[in-house]
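Here come two complexes built around chain A, the first alongside chain B, the second alongside chain C.
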Partner chain A sequence: MKDISIPINKVDNEDKCSGKAMYVADYKIEGMLYAFTVRSSIAKGEILKIEYPVLPEGYFIVDHRDVPGKNIVKVIYDDMPVFTSGKITYLYEPISLIVGPKKEVLNDLLKQVKISYQEEEPAFDWTDSVVHYHFDKGDGLNAFRGLDRIEYNYETSYQEQAYIETQGFIGYPEEDKVTLVGSIQCPYYVKNAVIQALGAAEDKVRIIQATVGGAFGGKEEFPSLIGCQLAVAISKIKKPIQLIYEREEDMLVTTKRHPSRVNFVGYIKNNRIYGLKAVVGIDGGANIGLSGVVLSRALIACTGAYSIEHLDISGDVFRTNTVPNGAFRGFGAPQMFFAVEMFFEHVAKRLKLDSLKFKLNHLARQNDFTSTMGIFRDPVLMPEMVEKVIKESDYIKKRKDYEDSSFKGIGMSLFFHGCGFTGSGEQNHIKAKVKLKKDQDKVYILIAAVDMGQGVKTSFRKLVAHILDIDIERVIFDNPDTDFVPDSGPTVASRTMMIVGGIVARAAKEVKERFNEETFTVFKQYEQPEYIKYDEASFKGDAYPAYSWGVNVVEVEVDKDTYQVNIKKTWSVYDIGKAIDERIVMGQADGGLAQGLAYGYLEVMNHKRGKIMQKNMTDYIIPTAMDMCPMETYLFENPYAYGPYGAKGVGELSLIGGAPAVAMAIEQAIKKKVFKIPVTPEYIMELINNGEN
Partner chain B sequence: MVNSYLPLTLEECLEILAKHDVKIVAGGTDMLIQNRSHTSMSIGFKSDVIYISNINELKRIYEDDMFVYIGSCCSLEMIMENELVPSLLRDTILEMASPAIRHTATLAGNIGNASPAGDSLVPLYLLDALVEIRSASSVRRVALIDFIKGVRKIDLSKNELITEVIIPKLKFSDCYFKKVGPRLSDAISKLSFAGAYRLESNIIEDIRFAFGAVNVSVVRRRELEERLIGKTVTKVKEMIDEILVWYDEFIIPIDDQRSNKEYRKNISLKLLRSFIENIE
Partner chain C sequence: MAKIKFKLNGELKEIDTDPSRRLLDVLRDDFNLTGPKEGCGEGECGACAVLMNQEIVNSCSVPLANVLDKEIVTIEGFSKTKRYEVIKDAFAKAGGVQCGFCTPGMIIATESLLNKNLNPTDFEIKIGLSGNLCRCTGYNLIIEAVKIASKTGEGLW
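So, the complex of A and B:
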């Protein structure tokens, strides 16, 4: 049989290239209304009074009083109201919807809404800790006594997902049932949130995924908020309604990557980091939401790709009166890997050691303990991967040459990504279920996984067709509809192929055994590998069932006059277990690295008293093809026993190493230590004038 | 309700301008964005509009002994590809926006928009460009440096239209344009710089500098340039620190969402220094 990795054309190429694919904005329903959102104009306070204009016939206001169920959006931590009942915690917080048939009229009505507030002083500094975690490894603090210490601080700022298609839903009523069609990653997150907001029975809410134009984590939990708002409006007005954000609204109010601050103290013994103390802070924005989970993924990654015997790790989520932050490809790991990679680099420099050798001396090996006393059970191929990347990029020679030349640099990052939900999340919270249905000569994949451009439709049909040894045309995979597919969990956390694909593969094997039967359905549920034991409270045990690994080398030139960074070339090596489709993996590799590099040197987003300053694609600078460079990528096979054909996670891994690698390359080019990202020309100028050598 | 006019001739256009209070739209790449509204709603113009992009008489590029004339409806792409146009301007256009925008945006529109970050204004100031302005009853020529009065302020009456951009034919030994944008293409400048000079046996016959996005409009100071004319290259290079001080008071950029004033000022002066150092 052919190697499954051999690429095929993506199954949705034709629909997407021809314009046939239906995005949520393409749906038109006779008699449909539009919804515009009324928002706060202050960052903190209480609403004293709202004066709405007189509404013309057929126009409606929908607010917190219309929420029939619980006025809380079900996320992980329940602290976000569907509509505020008076308390304002961030600028542009949603207060109500104005709904009606004509956008022009809605626009005018929106301008006439008058709101008076009792304003309070908003909090923008990081003092209000709402989640605090701490864990030790080895002897913790006690191991550090009497050792030399090296301390550095690192900072990362916002990143915006900048998905191609903005957030949106269209919904309609059918008797007492509400159906929403949306641009979403997690149909069942939306369904469960709407059930709670409406106080409805499970069979009275139906969520259908429209074709999704990119998500990057931005459509993980945020759609639950507007899905609830729209469902409340539909259940009140009983008409089809469309709610789609304009780009500026989307950029001003939707979740972004958490800004972070990391303080590291390394305790040195025999030229090694013997102990590490980390104090980590992330800005959660106005709601906690899933920030705690982001923080724990960051903390677990505190030693990077390395083994350190003694740890004292703590972290906080701080609440501020700013736009709530949320899921974004990498989920806390990009922040931590930037900090830890730079820290190893800087410690090596202080100790006057070669930083690559220093890192390789600390590299985690098979059967080493993880930061949480889990075990790296599978082979770790990093030494071979590093060797490969050195050979392809000529890293050693260039690294040496650029020491003596100015404004050229090369950097290397080493990293991993824990695949699937953290800890026992899969077993305890998600409990993924899948169905495969055989009917005549067709096999239907019934799962809730969303193709948001990453190729799930192609790779899953290919997987099932390959196992059954039938033509891919006979395997059907429609966009998930919660009336027909079981909850296989959200499309997040690099879990889709490894976890859901693993269950689908098991189901497909059963279908194969019974293939002579005409019509039947196979149901399978996630079974956690026996060895996974994790205690969330104490951060002890195997935080992830498997790890994907990566190495990035980035070469840059910095303009000596303007300090603009020009990326010359990148070389990457990844261990993702096994590629189900090599071209799709290469697409993830290039796109993820571009997004990770841009996080490191290009994408600037900040707020001024709670207001996001880069509110459109003119001001928020993502890379164009002109800014990117040739990218060489190599894959190492290292099959994971529970992944289909050995597959592990791909989607997030490729973003993680970009920022530290480009930051290190710039550091070499300018001969000054880099402590924060993005490394903009403005920051480079500051470093050249006042930075540490 | 907003009325739209679509004249096919200049005469027709000037008549409409004489009779009605209308906003002029050429390529529309700024006007449509500035007046944008929700998706699927019509553009939110607040007054009547005249679309001039169908006037073929304004799409010509030609020359005489003294000047190159660029019709105000020529797209940036047309200008970039025309060999009559000075290379400094063509090099600048290549750095502007994206190919799609360049195919519809006009040079006259960039002038009419009078943004402090308008890239084409930098070489046009340096080249002493003029604009021809017509109304139904008058024609006048005005130097660009006088035409632009400030941020989005221009010397144009309601009944007038920019019909041509007129560029003197100048000879330089070398000229240079540098756009400092946040990325390598399709972005608004943080700052920009243009420089040009003419040497005759190592003596500066002419020298010009222009700076974009560091003041309300492009910074060009002929009186400072004149101090250098007639001097040897060596002498001018010796004066670099002094020259930078001359420009200090005119380079007064701001902080905004794209950059900060320290960077804009420092880099502008660095580009000036590096340009002078490279004269040969």
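So, the complex of A and C:
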């Protein structure tokens, strides 16, 4: 049989190229109304009075009083109202929807809404801790006594997902049932949130995924908020309604990557980091939402790809009166890997050691304990992967040459990504379910996984066709519709192929055994590998069933006059277990690295007193074709026993190493230590004038 | 209101409407051509790209008045051509399609480039695609697709 990794054409190429693929804005329903959002104009306070203009016939206001169920959006931590009932916690917080048939009229009405507030002083500094975690390893603080210490601080700022298709839903009523069609990653997150907001029975809410024009985490939990708002409007007005954001609204109010600050103190013994103390803060914005889970993924990654015997790790989510932050590809890991990779680099420099050798001396090996006293059970191929990247990039020679030249540099990052939900999330919270249905000569994949561009439709059909040894045309996989598919969990956390694919593969094997039967359905549920034991409160045990690993090398030139950074080329090696389709994996590799590099040097987003200053694609610069350089990528096979054909997670891994690698390359080019990203020309100038050598 | 006559995907059309409306809205709402997408609404992302007299334009930034007596080709029209087949196959081969939201615009940009320059250099391809944003691919796979199309499409342009 053919190696499953050999690429095939993606099944949705034809529809996407020809413009036939239906994204949410492409659906039209007779008599559909439009919804615009009324938002706060202050960052903190209480609403005293709202004066709406006189509404023409056929126009409606929908607010918190119309929420029939609980006025809270169900996410992991439930603290976001569907519509505020008066308390304002961030600028542009949603207050109500104005709904009606004509967009121009809605725009006019929106401008005439008068709101008076009792303003309060908003908090923008990081003092209000709403989640605090602490854990240690080995002897913790006690191990640090009497040792030399090296301390550095690192900072990362916002990153915006910048999917090219903005957020949106359309929805319609059918008797007492509400159906939403949306650009979403997690159909069941939306369904469960809407059930709670409407106080409806399970069979009265239906969620259908439209073709998704990019998501990157941005359509993980945010759609639950606007899905609830729209569902409330539909159940009140009983008409089809569209709620789709324009770019400016999307940029100003949707969730972003958490800004972070990391303080590291390394305790040195025999030229090694013997102990590490980390104090981590992330800005959660106005709600907690997913921030606690983001923080825990960051903390667990505190030692990077290395083994450190003694740890004292703590972290806080700070609440501020700013737009709530949330999921973004990497989910806390990009922030931490930037900090820890730079820290190893900087400690090596202080100790006057070669940084690559220093890192390799600390590298985690198979059977080493993780930061949480779990075990890296599978082979760790990093030494061979580093050797490969050195050979392809000529890293050693270039690194040496650029020490003596100015404005050229090369950097290398080493990193991993824990695949699947952190800790016992899969077992305790998600409990993924899948169905395969055989009917005549066709097999239907019934799962809630969303193809948001990463190729789920192709790779899952290919997986099942390969196991059954039948033509891929006989395997059917439609966009998830909660009326037909079981809850296989959200499309997040690099879990889809490894976890859901693993269950689908088990189901497919059963289908194969019964293939002579005409019509039947196989149901399977996630079974956690026995060895996974994790205690969330104490951060002890195996936080992830498996790890994907990566190495990035980035070469740059910095313009000596303008300090513009020009990336010359990148070289990457990844261990993702086994590629289900090599071309799809290469696409994830390139696209993730492009986002990771841009996070490191290009994408600037900040707020001024709670107002996001970049409100469109002109202000918020993402890479264009002109910014890209050649990228070489190599895959190492290292099959994971519970993944289908050995597959592990891919989606997030490729984003994580970009920022530290480009920052280290810039550091070498300008001969000054880099402590924050993005490394903009302004920051480079500041470093050249006042930075540490 | 004004009567605007123009050629759309090979057919002569006349509509009586506000001439300041965006071409993108007219295409999507009046002609149900939803291949051109709205990504940013300000001419920055290229998801709404169409051909106007064979040149690429962002239809979100073109008032309908400017279309008078012009020839507009959207992805729906272009997808009926042999050139499209070559470009589509090249995108498939290179892995240039991920979420697909930018893809119709990218294909229009590719046509516009190859129409003027069948053998573009890497740098010329980058310039040709620089008005179209893609957040999924990192562009190299799309650049590769344009190269493949320029090779396999000989004689068509």
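Keep in mind that, in the parts below, the second predicted complex is superposed on the first by the 693 of 693 C-alpha atoms of A that agree within 3 Å, B and C clash if a C-alpha of one lies under 4 Å from a C-alpha of the other, contacts with A are read in each partner's own complex, and residues count from 1 in each chain.
In this text, a contact is a pair of C-beta atoms (placed from the backbone, for glycine too) under 8 Å apart; a residue touches a chain by one contact, two chains touch by 3 or more.
Predicted model only: the values in this text are computed from it and were never measured.
Shared-chain residue A:Ile410: touches no atom of chain B or chain C. By the touch criterion defined above, A:Val212 lies against chain C but remains apart from chain B after alignment on the C-alpha atoms of chain A. Residue contacts after overlaying the shared chain place A:Gly455 against chain C, while chain B stays out of touching range.
Of the two partner chains placed by superposition, A:Val73 touches none, neither chain B nor chain C. Look at A:Asp26: by the touch rule set out above, it reaches chain C but stays clear of chain B.
Once the two complexes are laid over each other on the shared chain, residue contacts for A:Glu165 go to chain C alone; chain B is not touched.
By the document's definition of touching, neither partner reaches A:Ala339: not chain B, not chain C. Using the contact criterion defined above for the overlaid structures, shared-chain residue A:Gly591 touches chain C, although it does not reach chain B. Which of chain B and chain C touches more residues of chain A: that partner is C. Legend: residue contacts after superposition of the two complexes on their common chain; A:Ile666 is shown touching neither chain B nor chain C. Shared contact residues of chain A with chain B and chain C: 25, 246, 618, 623-624, 626.
Contact residues of chain A toward chain C in the complex are 7, 9-10, 12-23, 25-26, 28, 161-166, 211-216, 246-247, 452-455, 583-584, 586-587, 590-595, 616-618, 622-626, 628, 630-631.
Only residues 25, 103-104, 107, 244, 246, 561-564, 566, 602, 604, 613-614, 618-619, 621, 623-624, 626-627, 681-682, 685 of chain A touch chain B when the two sit together in their complex. Of all residues in chain C, those touching chain A in their complex are 28, 32-42, 44-45, 47, 74-76, 79, 84, 87-88, 91-93, 95, 97-104, 107, 125-127, 129-130, 132-143. Residues 37-41, 178, 180, 182-188, 190, 257-260, 262-263, 266-267, 270-271, 274 of chain B touch chain A in their complex.
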